[in-house]
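For reference, the structures are reproduced in the following blocks.
Next come two complexes built around chain A: one with chain B, the other with chain C.
Take a look at the complex of A and B:
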């Protein structure tokens, strides 16, 4: 897959398995992704799809079971704790719940100064000046510096969380559902702030979300996750206008349309998301997918390019793109037909 | 909460005062008649040997308060440190620590204290060491539980991301947020320590039987309770009750003050 730009944070065959009572929980199972400098990659999926675990594995808040993570081309999985902590100058994270991610005993000033002291080794006066600059950058005032988190509103807390993340001027920020715990009324403001900061500081974002409207609004590219794996990845406009994978199509067609009289054609998957414990080596959608064929149960489909920057993990879609069956041969030797216009799936 | 601080301040003042001045020599028998009831000369009466009860009570504050405070402090520091390490790092360290704690907790605190003091002999230092040891398991367990439940909180992850080493995440970020239950327990622990000190004294195991310690004094006065000389046991008992209660009130006050969410 050819994507424009310089990859800043990359994952290769990332896996995270949690041992549970009866077997293994496949939280993340073979994820490849590239976050490009200055761009936003959105990671969408329903709860339990493993999207947050991917975010945490990328910065080793959770140790991946296997795979590789490269920051600016260098692997970070082998680093010891001291060297890893140093890498956090370049990768930062904004957490989902600003109530839980701010230390309730630290004032805004203390929260913002900590990364400056530990990462940048700034002296006292520079730190104070920088803290003032940061609060203003995220739309708060210097009066907020002496407040405790419990004296701030949800939106203000998240602004502090964002200020803390950008304090060290990182290259990449992982945004783990940064707006989902906020009131709808402040979501927009926080998203505007994030986009503003991206432009100003040339940040790359991994935007983890289940909110398709938000994703469409903020991201350059989208990766759709289902049960620990990416099923489709491509430019936002393309994925939204021409979704290929049955799961992506079902997900998009489930989103309500805010226009009176518009009838949605819905693609419905049967049943619920299956248990992520001891998954078989088949397509994760087997049993739910209306287009299911025997080939789907033969092996787990890999992401294959259908266009130069758009990849899908579905043998049926690929078959339609490439021409008539057999499917098996296509799976074995995936190739790209440049400029081929994929046929639309029929329901 | 102010009452607790007030009562304890009074105890501390009395303990300090007793170092410089008491109405009579607390160890001197025969300053008055045996079993004098409370009077202007002897406000709290005298004991069987005719020693002044007020002087003995004042000196007793030094022992009972001092032993409780020092023992609790040692138990708090050691127990919390070990508990934080066990809770944050988990694994083998945690398993070993918890099995040791369970071994300790199988013995009732007073029984443990009695056994050890009986074995190593009486003395202030021995009583302090025994009482701190008896307190450690609870602090360890409390701190471990608090840290474990907060280890995966987002602010622990956030603290790592801003460049903290793991020990700083545990001790500078998680521990202060776990301080409430630990500090609240110090009051219960101090009350317990005071009671055990007194009980050891009462049983004749803790300090030298002649030491003017409240438990010793209650033990000495117990015969008098039946025959009408109530003041010998009553006032030390009241002193212990007051101190225990004051520690409890103080513990509550501490957890209020240390938590910014409860402050405003």
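Take a look at the complex of A and C:
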């Protein structure tokens, strides 16, 4: 797979298995990904797909079971805690719930100053100047520096979380559902801020989200996860306009669009996501996929390039035998029929 | 092949008479020291018979407060300062607990956001549905259980008889929401079904199936449905009428098509733009 740019954070065959009562829970099972400097890679999937676990393994908040993580070409999995702490300056994280990830007993100033002191060993005066600079960079004012998290709105709290992450001038920021707890009008402002900071500071993002509309808006490339593995990865525009993997297609066709008269051809998977405990070595979609063939149960499909930097893990798509019916993705031009209800358009 | 689509059922005409009318409904929260903080300002809206109406708004818009007022389950600190909620000429706000109990379930039923929290963890799902059937329809025990299993089947839960014997914790979030819809729409057989954020917190593939189910049930039974949501995407795909709320006020009402294609109010336009992220333009 050829991807333009310089990879800054890479994962190779990343696995995380959790022991549970009677077996192993396959949270992440063989994930390869490259986060490019200055670009956004989105990781999408539904609950239980393992996307957050990938994010946490990349910074060793959770220790991966096996696999490799490279930061700028250097493996970080073997590092001891002292060396690892040094690397943390380069990889920062923003969490979903700013209520839980900000210390309620620390003012905004204290929250922002702590990483400056720990990572950059700044003296008091430079720290104060930097804290003032940071709040303004994320659209707050210096008056907010003396506030506690409970005196801020949800959007303002998330701005503080972002300021804390970019305070130490990282190369990569892992954003784990950064807008999921926010109202839509605030969501837009936070996304604008993130894109603005990316351009200014040349940040690479791993954007973990279940919100397809947001992902489409912010990311350069997108990786779709299902039950611990990436099933499709490629440039965002391409994955959204020509999704190939049956799961990607089902996911995209289920996402509601806040627009009148959008025609959607639904691809439905039967049943619900299977249990991630002791997964068999087959395609993880076996039993739910409408296109499934015996070959799908023979081995677990690997990601194979179908185009430059677009890869799919599906033997059926690759074989292109009796291809699946043509699919109208989210990018398709909405066809508006006067007076008709969208639900009646999908007949 | 699994490439299925929603069933063809005609939508009710939009000029239908209102089943429920809210007129100039205002109210405040009473603080411990007796101070009143106004939260709803002259809310007026109509739920037309057989129509799916969406009440949309962001956090703090008052949408859930309006819905809970209909059933008389608003927080105890909330006081009405003016207005009426009329169901067939009766003002629901003036009813006492006994009067409300006759309305709840039988005439108006409600589905909440977190289905697993709404179900009682100590009883099987089938038992809970059967209990409601017995109470509302005066049926016998066996007959009620039969109705419960049938309702579970009709919301497309596989193996309904086995599922009826399971407890809520054995259900996934999507399944539990189906069971709640079975109770609220099929067991209660109400005139009005209120759904408060029924798919928030569910994955999109599950969400779209729950919305299809709601659409199917309300169309096939001519049910008047009120969907409380913050998600305009869901509204565009399912609703016929839309009420937009912001900061305790109704800012715009109209047919879904008008709201999505020719919104007049500034807030509605902003909400639409934010929901579309400025990208979905054709």
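Convention: the second predicted complex is superposed on the first by the 317 of 347 C-alpha atoms of A that agree within 3 Å, B and C clash if a C-alpha of one lies under 4 Å from a C-alpha of the other, contacts with A are read in each partner's own complex, and residues count from 1 in each chain.
Criterion: a contact is a pair of C-beta atoms (placed from the backbone, for glycine too) under 8 Å apart; a residue touches a chain by one contact, two chains touch by 3 or more.
Fair warning: this is a prediction, and the values are worked out from it, not measured in the lab.
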| item | value |
| --- | --- |
| First, second, both or neither for A:265, with chain B first and chain C second | second |
| Touched partner set for A:46, first chain B, second chain C, both or neither | second |
| Residue contacts with chain A in the superposition, chain B compared against chain C | C |
| Touching partner for A:216 - first (chain B), second (chain C), both, neither | second |
| Contacts of A:81 with chain B and chain C, given as first, second, both or neither | first |
| Touching partner for A:185 - first (chain B), second (chain C), both, neither | second |
| Touching partner for A:257 - first (chain B), second (chain C), both, neither | second |
| Chain B versus chain C as contact partner of A:237, first or second or both or neither | neither |
| Which of chain B and chain C A:118 touches, first, second, both or neither | first |
| Chain A partner contacts - residues on chain C that touch it in the complex | 1-6, 8, 11, 58-59, 158, 172, 174-175, 203-209, 211, 215, 230-238, 240, 256-257, 260-261, 270-280, 282 |
| Residue ranges of chain B touching chain A (in the complex, touch as defined) | 153-155, 157-166, 173, 176-177, 260-261, 264 |
| Touching residues (chain side chain A, partner chain C) in the complex | 46-47, 183-185, 187-188, 191, 210, 212-214, 216-217, 250-251, 254-262, 264-272, 290, 325, 333-334, 339, 341-344, 346-347 |
| Touching residues (chain side chain A, partner chain B) in the complex | 56, 59, 61, 81-82, 85-86, 88-89, 92-93, 95-97, 100-105, 114-115, 118-119, 148, 150-151, 161, 164-165, 167 |
